[in-house]
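After this come two complexes, each holding chain A, first together with chain B and then together with chain C.
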Partner chain A sequence: MNGSVLGLELVPGAAAAAAGALFPGRHRVHLAAGLTVVTCAVAAVAAGAVLRSGHGLVVRASGILPLTGARLDLVPVSAVFVATTAVVAIAACIYWPGYAHHGLSSRTASGVLPIFVTSMLVVAEAGDAVTFLVAWELMAVSSLVLVLADQAGREETRSAAQWYAVMTSAGAAAVVLAVVLVCAHAGALSFATVAARAGGADRLPGGTRDVVLVLALVGFGSKAGMVPLHVWLPKAHPEAPSPVSALMSGAMVNLGIYGIVLVADRLLGGAPSWWWAAVMALGAASALFGAVQASVTSDLKRLLAYSTTDNMGLVLLALGLSGLLATGHETDLAVLALVTALLLVVNHAAFKGCLFLAAGSIQVATGTRELDRLGGLVRRMPATTAVFVVAALAVAAVPPFNGFVGEWLLFESLLRAIESSGVVVAVVAVVAVAALALTGGVSVMAFVKAVGIGALGRPRSAGAAAAREVPRAMVVGAGLLAAACVVLGIAPMLVLPSLERAAASVLGGARPAVLHGGIDVALAGLDGVLAPAWIAVGLALAAAVVVAARDRIGSRRPPRRVAAAWSCGRELQTARMQYTATSFAEPLERVFDDVLRPDRDVTVSHSEESRYFVEKVAYRSTVGDVVETALYRPAVDAVRWWGRQARRLQNGSVHRYLAYALVALLALFVVLA
Partner chain B sequence: MSGPSFATALELGAGAVLVCAVLTMWRRSLAAIVRLLALQGVALAAVALVLGLHARDGVLVGVGAVVVVEKGVALPAVLLRVVARDTSSRETAPLVNVPASLVATGALTLLAFAVAGPVVALVPTVAGRLVPLGLATALIGIFAMAVRRRAVSQIVGLLLLDNGIALVAFLATGGFPLVVELGASLDVLLLVVVARVLGTRLHERFGVLDLDELRELHD
Partner chain C sequence: MSALVRLGAAACVAVVQVLLVAGGGLLLLGVMRKTRSRCEGRVGPPVRQPLLDVVKLVSKQRIRPAAASPVFVAGPVVVAATAVLVTAVAPLVTSDPPLARSTDFFAVVLVLLLGSVSLALAALDTATPFGGMGASRATTIGALTEPALLAVVLALSVPARTSNLPALVREGIVDPRVVASPGRILALCAFLVVIVAETGRLPVDNPQTHLELTMIHEAMVLEYSGPDLALVTVGESARLALLLGIFVNLAVPWGVAPGRGAAELAVGSAVLVAKVAIAGIAIATFEVFTAKLRLFRLPEVLAGAFVLALLGVASTLVTR
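== the complex of A and B ==
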């Protein structure tokens, strides 16, 4: 396979955008989705070939971008991200035509979605600074358009888009500065050349390197939803149309991780340990904060968005650990940690993409994404619920799904790091293990809530009661990713060797021999073995035993009698008497009271005649984002104040503006003379 | 044209440009102001012609001819038609009154001479010495726009600015190439036509051509 296949994949992408924007009627969605799937399939095949062989693909096109041309360079580590993006995008594009009855079918949306997907692929494939930055910016702009695609009239959507626009522009500015600083020092635009020079005598001086690293962490971290730069994520992901949410959460945030790997590991050839420790600390904070916020919110898509922050935190944790170990020359362990990070990325793409698609189906079928208004979906939408439950179990790291393998590897690498490295790494790793354990527990709670309240019980609203199963395309799209969760969970060795090759190539030619085994995952030189397939068999057997036993016991039981009973006060039982998402999360909310700062409000109104009779009690509880209120509100207020002051200068008088011009000109003359 | 007579002619032309600019700040009648502008255009053209004859530069003479037609005839004619439509064709209440405006004009001229030092040092010829006159004309133009209320006065201010810049260009560099001058002239002509249309609409809407009526536009 040669490099031109990379250029080839852009053709159906461009055709999809054109078809989506120009084709009349509803067929434009089918056409755009179909052509986008072709693009993704080509990209996935190319990425698969690179991962198998370990050799990169390069293509140069001089005509596409002015002055510098475009250069695509698919190396193993970027192939991991390309393949992940492609699979999520294929699932989203299968789902899209079904969703198009409810939204995302305008010319703008159908034209921009292929651009979004293609630009994400190009970001991961980019082989020089200009291509990378152009694709990065295109990805940001097109995703912003898609957030606004359906509901630009809604106040919440507009506000979310505004937050997203500001955060993504600020992040992009940091990314541009970081990449340009590195490339300017190396005197080359091509990433391969810059990487080759990074190890040599003319490596970046310490001060500049630190600036680059901090900028990269800010720019790429904000894209990856890292605390405290995550604030756009729980706003934009819920408001975007669901296929777009799935793409943003399943594919786009990953590219933030890719950017960190690209700059720190590839372009700079390593970073100082303080920076990696900072990455770990921010990762741990993101994981904890995301998990806690996810477990107390009652908006389904907001829950998923916070869970994204949680999962990206885990990836950053693994990434930071890998870097820390690499600076301490623990290459084998560093490779293991980096493999873990990549596996977590792949896993997250599968289950979060699936969850967002399934959440979109639920929203379409019930008209709400508020958990307190859902319920009883397991009978009304069995297929969608099954898909949702599989993905939720995967997020909660329950075997035999893929989340479990990722978390096992993360624990393994942290525990190995404690045993075999220096004091600093050991201390950091111990703290990280504790944070990870807490995160895991809390996020299980979040997804127990999502499934238990959303899918089980009785419907809490008329919309939920009237829910019908969604069109087959939507089930298949989400089901594809759910299947990926199962396959990756039972046979992780399908992908782990490829990830290991990619990780080893990033960390400078370490021998890729940490992981081996056929069905089991075994760690070479370390006595850790995981047999996910056997776990699956064991679980299946255990489940069979339980079911059989229940049937046997059930058959022995005397026939059921129907009798009038005390009813225990349950004469009148309505759906409102069930547990709700809010009540389920309430104990946790109390535990984390200081972190969450919930806003509770109880209003008791009395009867007119007597204060002893209560007419009604209104209870309102909202949990905001403490980072937003403590960190961003003051900044926003300061900008507003500044704007109000500046408005005094501008009173609408043409003469005043001309006088400003005159005074400025005179001042300029005086200064220059 | 040679030696002393060249210098005298050049000083006379450039001086006339500045004097016309000062006089526009003195007169209140819009028709008189536009006629002063026409005179200034002719003076500017004379400067270009004198320079062109001295340097035996046919292009510069051509530019002079273009300037006469554009700034001496065409633009004033357009503006006079606007003035003719307006019933109260006087600048009744400028933001800064006439004596104060004249003082300010003097101050701006002084400032122009004070700050033009670097440019004068750059062009050590007779023409170079006169650059401050063009600069002063341009500053007076901006000042006129800032303090005059009527739309026509605003346009006149803009044209004063344009003439000042043109004068500086002629004196400091021996003139633009013909193409540039033609382009700039066309721009200004277009601008005046747009302003005229806008002024007509303003007149229909408010009955006067007073820019302060536009205050409502803000926000």
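== the complex of A and C ==
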């Protein structure tokens, strides 16, 4: 395949943006979405070809950017991210026209969304520093516009956008510095040249390299939602229109991971072990913190956003393990850990993209995303609920869905790291398994809550009671990703060899030698295998046997009856007597009291006559973000304080301003003299 | 032809194990109740009572609460199906069960988790306060037992260099020192705590409680009746027998059949029944002397199990 395909994909992307911004009438959304799908399809085909052959594609376009021109270089590892982004974007663009009746249909939105998608593809494909940084910035700005696209008037949305703007600009500054430092030392802009020189004699001196690595971790980590730089994520993801949330969570956060791989593994050719250990520690902290926060929040999209922090934490855990093993020259195990990280990224894109799209459908149908006001959707929106359940079970890592395969691989990589490496790696890996295990247990809680309270039971509000199934486009868009969850869960070997080739190309493994097996997943040097397809078949068989046994034995019983729930003989049963998301999570909230620091307030007012009679009890409980209150609030307050102090200089008196000018002039003379 | 014979033998093993665990699980419940009654100075119901209960339930009418959806009906089926699947391929009667190479301990844990999740979802689907209460409590306990269980899997897998369950059992038969190693002993202690929590025995949950407000597992299944309740009962007792079976085979691996011959299977079955019965009687006797713990004291117990298992890993690393 020719490299010019890569350039070609930009054409429909630009056309989509133009069509979305300029085309009159309602059909601009269809046009923009259709053209964006074409862009993504071209990108996905190119990425698939690169992954299959293992050879990169390069194209140079001198006219697009001034001075340096643009350079796209699709290597196997970036192809993984391009393909993932493209699939999520295709699903979101199928979904978008259905959603457009409720928002995201303005000229601005329809023009900017294709730019956002195309810039994400270019970030992963970029072959030189300028292209990469321009696309990175374009991605940040366009996503910011999209967050504000529908509800710029709402206070919460504006505040979320503000947080996002500050965090993403600060992150981008760190990214620019890191990439520029590396490229300046190598004296080249092209990533291929920089990577080639990284292994040679003129590699980066230790001090500069450490600065670059820390900057990269800050910049890319904040994009990936790493604790403590995650604060924008649970604000911006819920407030953005749902197709945009799906793109941000399913595709954009992955590029933070890509950035870390790009800088640490490709451009610098490896990093010191302390840095990889830091990546693992931050990953473990993110996973735990995200899982616990997700399990106690009652806002559906906020829950999903925290779960993104959780999943990206697991990716960072695998990535850090891979780097740690690579510095210890355990290349085979390092490749396995990197394959795991890439599979976790792909899995996360599938289920989280799907969940955000399904959450958007639920929000459109019911008018709320508060779990405490949902319920009963399984009767009213069966298709959306089915899709939602599949993706939620996938996140909960139960078979036969894709999350299960990812966690198994992570567990096996950690297990093998304990067995065959030095003491440091072994201890780190044991701690990592502990974090993985805790995270897994707690995130099951979050998703049982999301499905059980959100979709099952009886509707808890009029909006939920009036819900109707959403247009077919929205079901198909989300269903596409749910299907991906099932396929990847039953046949992971469809993608694993490609991921292995990509990982080996990054770490310089001569030949991929870790994964074997046709249907089963087998690891080199390991006795057992994982047989996801057999688990699926076995579950189906066992269920058939169980149902047959239930219906055959005692088949002369009377037919089934639908009756009021027994509920221990209670006559009156209302929807308000059901458990809510808050009450469901209350036991866990108590268990993690020290981490969550919930704000509880019980006010009991007694009757005037006697203290023994209670008139009313007011109970209020909120769970904020500990990191935000402990770390960011003081910083924000300090900045505000500075602002107030600076305001004293300006009291509106012209005399004072003239005096400032005079003093400044005199000072200038003194300095110059 | 030989492939067909091997397939037939594998299917035989699966059927034997499933029947043994499904029927034996119910009898195990009876034995445990009888033990408790005798220790408390009562005669107690006959050992076969749970079996009779199930037979009676099967012929009764099925009732579905008005608010419930297909999720409610699917709950018991998934619980029973996950137990059946794991039983069919676990190294219980023989250390060479069907699909032995792919019986991964980690996968076993997560397949069983699918059963717990579906039962919790089914309980929330009934739209009753007790269903929600049971689901909330059971899921909270599950969120804390699963990490302990995975830590147990890790502690057992590190010295064996594999997380394949039949391999872990065979290892103990080949080299008895493994069974007595501090790593495995610590891990198995933690495993026992996890089994007690996972199957809702005292001091975590009282399986014979009649007070709804203190219920955990029973609150989730209050709305089931007839064959659905029978499935829940069979599924849950099979889970108990299955987990205890895995436990005794890891702790005392002798007597597990090495192959799939008929005589071997008969001996293996008898030994398994004896070992599981002893374990069940021991647990029931322990239950006589304990009271149910407060729900909010449970995290301490489960965190203890978690730490025990991690200590097991640490001791393996130190002694290798």
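One rule holds for everything that comes next: the second predicted complex is superposed on the first by the 628 of 673 C-alpha atoms of A that agree within 3 Å, B and C clash if a C-alpha of one lies under 4 Å from a C-alpha of the other, contacts with A are read in each partner's own complex, and residues count from 1 in each chain.
Criterion: a residue touches a chain if its C-beta (ideal position, glycine included) is under 8 Å from a C-beta of that chain, and two chains touch if they have at least 3 such contacts.
As the structure is a prediction and not an experimental result, all values here were calculated from the model.
Visitor: Of the two partner chains, chain B (first) and chain C (second), which one does A:193 touch, if any: first, second, both, or neither?
Guide: neither
Visitor: Answer with first, second, both or neither: which of chain B and chain C does A:106 touch in the superposed model?
Guide: So A:106 meets neither chain B nor chain C here.
Visitor: Taking the superposition on A as described, I'd like to know which of chain B and chain C A:162 touches: first, second, both or neither.
Guide: Touch status of A:162: no partner.
Visitor: Quick one: is A:673 in contact with chain B, with chain C, with both, or with neither? Answer first, second, both or neither.
Guide: first
Visitor: In the superposed model, which partner reaches more residues of chain A, chain B or chain C?
Guide: C
Visitor: Figure out whether A:654 sits in contact with chain B (first) or chain C (second), or with both, or with neither.
Guide: Once the two structures are laid over each other on A, A:654 reaches chain B alone.
Visitor: In the overlay, answer first, second, both or neither for which of chain B and chain C A:662 touches.
Guide: First partner only.
Visitor: Hey, what residues of chain A end up touching chain B and chain C alike?
Guide: No residue sits in both footprints.
Visitor: Per the contact definition, I'd like the list of chain B residues that touch chain A in the complex.
Guide: 95, 111, 114-118, 139, 142-143, 145-147, 149, 154, 211-212, 214-219
Visitor: Show which residues of chain C lie in contact with chain A when the two form their complex.
Guide: The contact residues of chain C facing chain A are 58-71, 77-78, 80-82, 84-85, 88-89, 99, 101-104, 106-107, 110-111, 113-114, 117, 120-121, 123-133, 135-137, 139-140, 142-151, 153-154, 157-158, 161-164, 167, 212, 222-223, 226-228, 230-231, 295-296, 299, 306, 310, 313-314, 317.
Visitor: Which bits of chain A are touching chain C when the two form their complex?
Guide: 295, 375-376, 378-379, 393, 396-399, 404, 407-408, 411-412, 415, 418-419, 423, 426-427, 430, 433-434, 436-438, 440-442, 444-445, 448-449, 451-453, 456-458, 520, 526-531, 534-535, 538-539, 541-543, 545-547, 550-551, 553-554, 556-568, 573, 575, 577-579, 583-588, 590-591
Visitor: Using the touch definition up top, name the residues of chain A that touch chain B in the complex.
Guide: Checking each residue of chain A against chain B gives 650-655, 658-659, 661-662, 665-666, 669-670, 672-673.
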